[in-house]
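We call the chains A, B, C and D, going by the order they appear; numbering starts again at 1 in every chain.
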Amino acid sequence: MLNIAVLGCGRIGQMHARNIARHRRARLASVFDIDVPAAERIGQELNVPVAASIDEVLGANTVDAVLIATSTSTHADILERAVAAGKPVLCEKPIDLSLARVNQCAARIAGSRVPIMLGFVRRFDAGHRATRDAVRNGDIGALRQVVITSRDPGMPPVAYTEASGGIFRDMTIHDFDMARFILGEEPVEVFAQGSRLVEPALMDRLGDYDIVNVALRTASGKQCLINNARQAVYGYDQRVEALGATGLAMSENRRTHEAQLYKQAFTGQAAPYLNFFIERYADAFSAEIDEFVAAVEEGRAPDVGFDDGQRALLLAEAAIKSAAEGRVVRVSELG
Amino acid sequence: MLNIAVLGCGRIGQMHARNIARHRRARLASVFDIDVPAAERIGQELNVPVAASIDEVLGANTVDAVLIATSTSTHADILERAVAAGKPVLCEKPIDLSLARVNQCAARIAGSRVPIMLGFVRRFDAGHRATRDAVRNGDIGALRQVVITSRDPGMPPVAYTEASGGIFRDMTIHDFDMARFILGEEPVEVFAQGSRLVEPALMDRLGDYDIVNVALRTASGKQCLINNARQAVYGYDQRVEALGATGLAMSENRRTHEAQLYKQAFTGQAAPYLNFFIERYADAFSAEIDEFVAAVEEGRAPDVGFDDGQRALLLAEAAIKSAAEGRVVRVSELG
Amino acid sequence: MLNIAVLGCGRIGQMHARNIARHRRARLASVFDIDVPAAERIGQELNVPVAASIDEVLGANTVDAVLIATSTSTHADILERAVAAGKPVLCEKPIDLSLARVNQCAARIAGSRVPIMLGFVRRFDAGHRATRDAVRNGDIGALRQVVITSRDPGMPPVAYTEASGGIFRDMTIHDFDMARFILGEEPVEVFAQGSRLVEPALMDRLGDYDIVNVALRTASGKQCLINNARQAVYGYDQRVEALGATGLAMSENRRTHEAQLYKQAFTGQAAPYLNFFIERYADAFSAEIDEFVAAVEEGRAPDVGFDDGQRALLLAEAAIKSAAEGRVVRVSELG
Amino acid sequence: MLNIAVLGCGRIGQMHARNIARHRRARLASVFDIDVPAAERIGQELNVPVAASIDEVLGANTVDAVLIATSTSTHADILERAVAAGKPVLCEKPIDLSLARVNQCAARIAGSRVPIMLGFVRRFDAGHRATRDAVRNGDIGALRQVVITSRDPGMPPVAYTEASGGIFRDMTIHDFDMARFILGEEPVEVFAQGSRLVEPALMDRLGDYDIVNVALRTASGKQCLINNARQAVYGYDQRVEALGATGLAMSENRRTHEAQLYKQAFTGQAAPYLNFFIERYADAFSAEIDEFVAAVEEGRAPDVGFDDGQRALLLAEAAIKSAAEGRVVRVSELG
């Protein structure tokens, strides 16, 4: 049994807290949030203590590991403190919006053997993973092209968008990680293009985009094409396809249920997709906890590490530069 | 090149005439209908002579074979005359509504080596055939249960229904043939049940049904379940599934095209099914002509023979008796 | 919060205990099994007391309601005792294998206002329920025909089969309930047919069947066709379709995930179905607990009552008689 | 009846000749090819005269219109001569591999009212057209992003590839036209990227690519993403999706038939896709002839004109430049 404290009791923190509370090999040690009432609500629901400070959590013998789900700007700092305290960390993405800060954090934790896991939850989705496995197992031969479709059902709140660091750092970052997961090779070139079609006024104000596409290429010429939209009214659209020399593997969307309606004007009208990431990736969030617990118990590095968070952010930086300059950016240009 | 004359220029006769006219290994020799203007219209369209009588057709050296698409009550008579004239026959189902008449016809043509083919077109549908092949090739192991869903988009004209011989002889007869095609064994028991839900007043008047189900069983215990409806507003529904010891093979419906619409309230709303048998089985009708031409040219019995027409009608008779008496009818009871 | 004790800690009992333990509006009060180690294992896992006897459970102030998941032959007795003790009951199906015993039980609890719910879990599956709702809401017009496909992935253990009461009472009973759920009308006629194709020697010895089909008809002529197989190697096959005057509603199967493989020889090869009822109906089992808690808290009769268990068993009895006699059995014949 | 002569009796010319021969409103007037035996074979098959020269065809009173399916390098010249002779033209794409030659051709035919139609057959596919109609009819609201997947089953013969003008002019050109068809707006920016993964040695020698992706953007910011592969072993993959403010429309692939296989290891293994363009777009090729006949008979410009051929080629040129320079190319740069 691994005793995990959850830091941050917003939407994602609550979900993690509930998952840990019902996990067979984990126990929820405590919860913390600077918004005390928020922490108390979930503490009461799950019948666990509410910690008074992060220091209290990191100093407690009853806490074996921490899950960081606080606001993004605090991730790197808490991560460094947890590592210093010898507590294994499962950290929500991104590590920080600033690549410089992430690199600084990397330098500070260098040499530590405390397990650090990044919360790229999509790697734990059974369908996406089966697609990766089809690539890795040779079921589709040498990989040639990956296509990732990733669209949110709707715009986040304005305040969230303002603090998000822009679509490439906030949303596409998941797809950059998925690209690396499927490709099994590092992209060396990035081309990105953005449009302002969902909330043009807001995007103009922020210098951000709401409809983007990215083309990545590895040194061996493998391509990965990503398309994102901040709004897809038909639901959370999460697809991955991998074209290889001897076949194609494809991970499709999942519906709320499998009932269909047939009428004079149409056939096979199906149910909506699972609404958003908490529903769509519910099983994946559990599997992520499984991996974290297993890695800590086995004293090994988790499947998704600090380095993965760093590299995904690097691709986001390259995409931002590419979209601004209208040209292919080599990842090596970013130093 | 096989020179085929088409007898009967109604909807099905016209379709066959057009198919033959464009067939690579067949030529349309002539057309005939007692409704002379109907024959002339299609003759003109396809630029072929209109025969003045069936005798003229059967006596012509320019005619190698005949396709019988006249009204049902004339099938047996014309078939006998064609066989007597030595002309190979492709006869639309059913041979006759009366089993006694069919048996008489069988007796009269007994011993003849003139090829006779019955127009059970569904056997030539690529999907249904792939399902039969999966059974025959052992892809699903020993067969256990067949389920046939067969629903027309809407009621035929009242006059057609009145002359149809009832749903079991007119509509289910295709499914009885499909059952035998997939089962590869003769059904020995029949249970049938009918309801009057689409046009209850008409059905009451005719003593007929518009929603029926049939359960067949072979001597070895294999089951075949058929459901029919005279009206399925969502389109012509034609499905076959075969459950075996090591798998399931299933032939699904075909749509007019593969575009889909996704909206806030639903996903994957697809196009209507191909409307009715002329569209749904267009390729199958061509493949049926292929088989007829090949059988005649190779001097062999076609894949679907007179016997198949006779046996399907026998099952229809058993179904009628079963529905009337509310009990399983053994096919052997009908002599 | 409803404090529920779970009686019976076999596979289903354990699953219910876990569901209740993590339910937001329920609490697992205690567990009991005559196999004490089994009860202790799950008690320890979920950190709840293990009761020494059913009497202890029924007498405890800390127990608001009970869930009966013991062996079938004890259901009716425990149910009667729970009702006498004023404890609301959620009872796994069937109430008893003997219709006489069920009727006796009904007589004994007559007049009691203690809520009793039967565990027909499939009613709580989102897809099946959407199909029922499409019928009830008029989305497909007047209902005409229901088709239920219900196949288990494989034979249960021999001991289970021997004690099961036969396929109609054990397996088809779920489909009889589903039929009533979708039809919204009582079937008045039953026809059933059984084959012995999966385990013929065992079936011969038990006088049981492993491949069956049933046709039900209501007074107004609506049909419901059920097909069952004790073995479908491709997985747990659970489909419901409802044909109405203006459309078709259909509840399809659910896969473990949505990845697909495309190769030279085929396209769209998909993942296996969710393996069996515990996976397939996981969400439905939770929704069932929701309804039980809500009904008890609101002091109303649950959605699925004792009466539903009784009527499903009546249809099973009629099916057994029909299969034995090869004829339609009117439900009224069984008194 | 429109009397059409077919110039060029290669694979596509033969197909067009057969389509015209069986068309209700067209007649095949004659065929021509510089490879005389090729012309004679199809002339004999379809029972039509073989012309001795293009001049003979263009001078014949019995020829109302011509279909140009000769080798690409002759298209522009024959088109100019046909227009000079007053014969309406249906010309296979591309008009020429050289944009300069196409522009010269445009100048020469300027002012003529002879109907000219370009053979962008995919516009006539029912699924793609339904997608375009969904956009145009407002079913998905304001368009935001189009994704086109277009992959051939395998590499063409080496000689074909050498003469093809490169993948962007030969293969992507269809997708550039589809992009314009769906977008309903002109792309103003092009980004393209190519890899050499299928036949790297050949591609190196030719300076060509076999795996490419293209991102187009219109002045209003609408995006169109295209991915191409010269080899997709699972079949001819032809998909179009259109994301709008209120929905998504998607045109999926079509299979040879709708049978599926279910086994222990998988479910729903479906049949291969229709093999290549002649099968996949068979109905579209017929519909293309319909439009040509209708436009000529009604004396109006056909749906797809010379201008469409010119603009698609312009996008191909921009893509070539973009792939070479690793930057966004504005279409206006090409003059």
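Throughout what follows, a residue touches a chain if its C-beta (ideal position, glycine included) is under 8 Å from a C-beta of that chain, and two chains touch if they have at least 3 such contacts.
Predicted model, so just to flag it, every value in this text is computed and none were measured.
Graph distance from subunit B to subunit D, where chains that touch are one step apart, equals 1. Counting only chains that touch, the fewest steps needed to get from subunit A to subunit C is 1.
Greatest centre-to-centre distance from subunit C is found for D, with centres as Cα means.
Contact count check for A-D and A-B (C-beta pairs in contact): higher for A-D.
Note: centroid distance subunit A to subunit B, computed from Cα atoms, is 57 Å. The geometric centre of subunit A is 41 Å away from that of subunit D, both derived from CA atoms. In subunit D, the positions touching at least two other chains are 233-234, 246-248, 253, 261-264, 271.
Here subunit B touches subunit C in the complex through residues 142, 144-145, 147, 149, 151, 189, 191, 193, 195-198, 211, 213, 215, 217, 221-223, 225, 227, 229, 231-234, 237, 243, 245-248, 326-328, going by the rule given at the top. Subunit A contributes residues 233-235, 253, 255, 261-273 to its touches with subunit B in the complex. Interface residues of subunit D, counted against subunit B in their complex, comprise 22, 24, 45, 125-128, 130-131, 134, 139-140, 246-254, 256-264, 271.
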